[in-house]
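I have a structure I would like to understand better, so I am pasting it below and will then ask my questions one at a time.
Labels run A, B, C and D following the written order; every chain starts at residue 1.
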Amino acid sequence: MSILLDRTNRVLIQGATGQMGTFFVEDARKYGTKIVAGVSPGREGTTVGGDVPVFASVRTAREETGADSAIVFVPPAAVLGATIEAIEAGCRLVVATADELPVLDTIEIRAAARANGTAFVGPNSPGIISPGKAKLGFMPSFCYKEGNVGVISRSGSLSYEGSKRLTVAGIGQSTVIGIGGDPVKGTTAAEALELFHNDPETSAVLYLGEIGGSEEVFVAEYASRAGAKPVAALIVGQTAPPGKKMGHAAALIGSKAEGHQAKIAMLREAGVHIANGVGEVVSATRAALASHAKATAAA
Amino acid sequence: MMMLEHEGKQLLASAGVPVPRGKVIHAGSRWVEDIASGVTAFPVAVKAQVRSGGRGKQGGVRQVKVADELPRVVKALLDTAFGGDKPDAVLIEPWLGIERESYLSVAVDGRAEGYVVMYSPRGGVDIEEGPPPARYAVGAPWNFRVHEMRRVLQDIEPDYQWREKVIALAQRLVRIAAMHDCSTIEINPLAKLSDGALMAADAKVVRDEWAHFRNAEIHGMREAEKQRADTLLRDSLDMQHMYVRLDGDIGLISGGAGMTMAAMDMIAEHGGRPACFLDCSPGPTSTRGYRPAFAMLDGDPQVKVILVSVFGGGTQMQRVANAMKEVMAERKSKKPVVFRLDGTNVDQVPGIFEQFGAHNHARLEEAVSAAVRLAGRAA
Amino acid sequence: MMMLEHEGKQLLASAGVPVPRGKVIHAGSRWVEDIASGVTAFPVAVKAQVRSGGRGKQGGVRQVKVADELPRVVKALLDTAFGGDKPDAVLIEPWLGIERESYLSVAVDGRAEGYVVMYSPRGGVDIEEGPPPARYAVGAPWNFRVHEMRRVLQDIEPDYQWREKVIALAQRLVRIAAMHDCSTIEINPLAKLSDGALMAADAKVVRDEWAHFRNAEIHGMREAEKQRADTLLRDSLDMQHMYVRLDGDIGLISGGAGMTMAAMDMIAEHGGRPACFLDCSPGPTSTRGYRPAFAMLDGDPQVKVILVSVFGGGTQMQRVANAMKEVMAERKSKKPVVFRLDGTNVDQVPGIFEQFGAHNHARLEEAVSAAVRLAGRAA
Amino acid sequence: MSILLDRTNRVLIQGATGQMGTFFVEDARKYGTKIVAGVSPGREGTTVGGDVPVFASVRTAREETGADSAIVFVPPAAVLGATIEAIEAGCRLVVATADELPVLDTIEIRAAARANGTAFVGPNSPGIISPGKAKLGFMPSFCYKEGNVGVISRSGSLSYEGSKRLTVAGIGQSTVIGIGGDPVKGTTAAEALELFHNDPETSAVLYLGEIGGSEEVFVAEYASRAGAKPVAALIVGQTAPPGKKMGHAAALIGSKAEGHQAKIAMLREAGVHIANGVGEVVSATRAALASHAKATAAA
């Protein structure tokens, strides 16, 4: 198994006829993702990627093709309208990779997703991949391999780097989810952890976090819980100065609790296996997997 | 993007929040005449308008009791650097008869899934030393509830007349934050005047830069921020690059905030020091995109070696490699460059790099180690 | 409260709506120099800034092709009355190369339980003659849905690129309306320029005056409206009275909008003509409240008789009667006054009226009939 | 019977300790209204009207006294917060008489009332009275008498005038509801008509309308419906000039359809008994009642 995404998702693409949409159709299909529809108001009746039909609305696309998941490639100002259309049309999973989205729009989208029981991944995220099954995003396919480690990342490229290191070391992933670098997230670390917790295929979780924000509080809370799956974590930004935004809107040390030292201390306290730097991602994950094996043997 | 105090107060006033009637004197203006004509009632507060925090503790707020003293104090403040920068302006306000100082803020907060309101009965410069403020998680702005906030304040603020004023103000601030795309509005101190009235004695307002397409003021702030940067940095910011200057000597050109920080951390681990955080991923992955990044780091005497570290998904590596080839050909600087490209289509990179004699390190560790070594040699 | 075109456009521009770059010349300013310095590219549109509609059909928009003509046209427009009033200003804008004119508006609408968006593929001065615009009932502003509006426009706007621009603009306008407490934002024409870009060529923006407590601009508009009124009316407006001037001779002092209109209608039925709609119910029901109403009508040469018609619930009649007694005692004017008070505590009225020799009519018919008779006699 | 309000409503007053609240407690209790609680944050523990206990929140007031209906007397800027508190605390009826309320606030309150199944009456309204049973508003009690005519009015004082005329003529009222003079209403004419339609005690409806807005479209729609109760109507503003706001925000002729003549024609077409001026309110209502008697006899 995996979380949110597997071989059964039938995917529609909003903004399918743009440059990113076109690249995605080809790349994601090659990986095995079932792309069944494009949505591009005004371009209905055409196709993308050779044979994927384009519709005027998500509703029509769903009715005609049974699409149940959406990925959104439209300019920032149009993301709010497009995601809410997908959510209200009943998609079970909506991924918006866009960065430069006003946080108020994310707040609205998240509220709509909650009200409709939709899983929303993004924004400012590479998307989500369940290795060997399907991908909804731009991650380089060769970095991943099917397996039993769930990966949660606040950063896109860091999730490629971390996953590739696991893959090269022979450790596969159940799902790798980019929760995004913005302060308000479609899916939070807490929610992603809960999904991995309930996924029988996931044995341990690797969390790739950074300085700033309070997402890591959730991670510590989960890890301290009785019966939690073992968690490994890397927090980048040890050398970041306080009070400066490090690219991501959320990566800003606003108080001591948001700094590297405080987060590491809190996670260690909660029993999380800490990677000191990206070079230790594999060893920390191995330690987590070992502690899972031990717990399973004991049970 | 943080607004100056007087800009933030103007925004708040436009939405009906009581603020002191102030007078702004910009650096470089003919301020002496301005002062003479405008300020009649004393004492006044003269406040340096700076974007960094901790102004109060650094002497950035002065009381002036008589008109004669005013020019000297204004001049002194405009000539003082706070957090590295001299003030853009000073704000002159009537000295308030404050009976009590509280703290009120509205901010975007991930845990709240939207906005959070924070209130402390005791505000002022030492707010961080005291107990944490009470927290009302609002979420989406239309979810603000007067009665919910009243429940949060019930036990911590016994003066119910003041409490009601604070709640009404919090409601207003959440509305302002949503209307004007503010990620933070902090009022500290929130002053209770001797007549019981409430006044925003200070204001820290942070705007969400990504709302620039629907807010002309934010658009203007972004442009002004670029204008404040020097020419080389401005060209880089024009490419949407994200730049933070650091105090080391390894110029880091990278892609993605997380990977940039991971590389910074690894440089430190190897005994080196990064000269910057420079995330080029939001801009074009073409020669046009990378050219200003190199120009800036080549022109920075602090930078001894440049490390290019990009792990791309949507960013295709053969394009980055080709951009590097072109930039290297144009470049005059002799500073050494270390490359580590990985990600989509990375298999095409060696062929391109061969054309201009560059080497692509397979692992970040190798590239960092090479950069640190080169920086040491340059020293 | 309606904004002038240039004020409305400034508001829209602040929220990222494309408007022409215009130049405002206020009546009474040293406009000749202003014009000379500011306008370089011709032709331009010179547009009278007035609050009444139908300006276009009355010649309030002129094209000027050469610089020499500009001062004459500006002067002429500033000297022309539109709907009874001379313009406060003229707006000079580049003459737009319009390929197509559409119509787009956002307005508060009872049936929609909030906002409604209206769009017509053909805009311009004759919009009312054509088929009614397409209607998208949004309701609460956070319920705007791009896909719902797309469905509404699907069949009436075949140019999908233009349609998408219109939808994005409508979304923006609903947000602006809610943010800035606008009850109407009408863009007519919404221009499609020769390069396909969209531009608000005109703008009618109406603000909700009751939002004055949270919007400094609306607060300022209310104050300015009072300032534009003459002194007597201003005093009445200061008491929150609602006044509309009519062309008859019976000065009607009344309480409640519905009853005021009922009395107006009954005056007409009895062959008389009301001089005004003057609803005094929102203000204080004291001498202080009624004094300026009498002062205004006493000072108005058109008014021959005053009819006081108040049916109060929360307004207690003994208080109104006592106020009348005091006002009558102070009053210099000899214009006859007819009273009809009814409602809470009306049983105490006769005793009070006796003290100053006034009669309270039991029924509105009697009072109206008496007023009409007195007005006829005065003629 | 009656609509929304009868002897069973247990009423709480928000802003109970102000001048209007104090006057209302006395006046409404005299009329028989069950006033069980006041709500005035900070004044909890005191009383109003002698023995009515004051609480800090609607929730507490409901828990302690079983209050189920609320009337709000707070300044315009506080109406939004107070009404939504009452709605979300589960009151079945909330009355806000305040004028000078921004229309956006009304829109929000109405949305909250809908979401919670609350009846919201106002703003800019005198409230609601079910003669002989209870009143929630400022209307002068002596103008009313129990009976079988439902009255709906856009204007406060006009509803006193109209009701008094009915009362003097011996025609009683089931309920008189002031729907208010603002463009967006807590209870629309359509909703009030539906309530009267389902009230067995109401035989006919008197509608007191005015120029401007589109509320009268609902009235005509109802009157044209098969099985509708007979409707009499007065539309004031025959002599109002177009384009001017006549006191009420909604009383502005913005198009021909909103003028007096068009409304009368539409209502007449729908079979509504028209009163030409307030002087004909009684005769028009008599005609409506007569047509009801005829219909009942025929059935």
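Convention: a contact is a pair of C-beta atoms (placed from the backbone, for glycine too) under 8 Å apart; a residue touches a chain by one contact, two chains touch by 3 or more.
On a predicted model such as this, the values are computed, not experimentally measured, just so you know.
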Chain A to chain C, fewest steps along touching chains: 1
Approximate Å spacing (C-alpha centroids) for the pair chain A, chain D: 52
Rounded Å distance between chain B and chain C, as computed from the means of their C-alpha atoms: 44
Between chain B and chain A, distance of the C-alpha-averaged centres to the nearest whole Å: 27
Per-residue multi-chain contacts in chain D, two or more chains: 77, 108
Contacts with two or more other chains, residues of chain B listed in rising order: 142, 178, 213-214
Graph class of chain-chain contacts, one of line, ring, star, complete, other: other
Pairwise chain contacts, counting only pairs that touch as defined: A-B, A-C, B-C, B-D, C-D
Touching residues (chain side chain B, partner chain A) in the complex: 52-53, 108-111, 113-115, 128, 139-141, 178, 181, 183, 208, 210-211, 213-214, 242, 244, 246, 255-262, 264-269, 274, 277, 279, 281-282, 310-314, 342-344, 346, 364-365
Touch list for chain B against partner chain D, complex: 142, 145-147, 150-151, 154, 160-161, 163-164, 167-168, 171
Parts of chain A lying in touch with chain B, wherever the complex brings them together: 20, 23, 76-77, 97, 99-104, 107-108, 110-111, 114, 126, 137-140, 143, 153-161, 164, 181, 183-185, 188, 208, 210-211, 213-215, 217-218, 234, 236-241, 243-251, 255, 276-279
Of chain A, residues touching chain C in the complex: 41-43, 56-59, 77-78, 80-82, 84-85, 88-89, 108
Chain C - residues contacting chain B, complex: 13-16, 142, 172, 175, 179-180, 213-217, 219
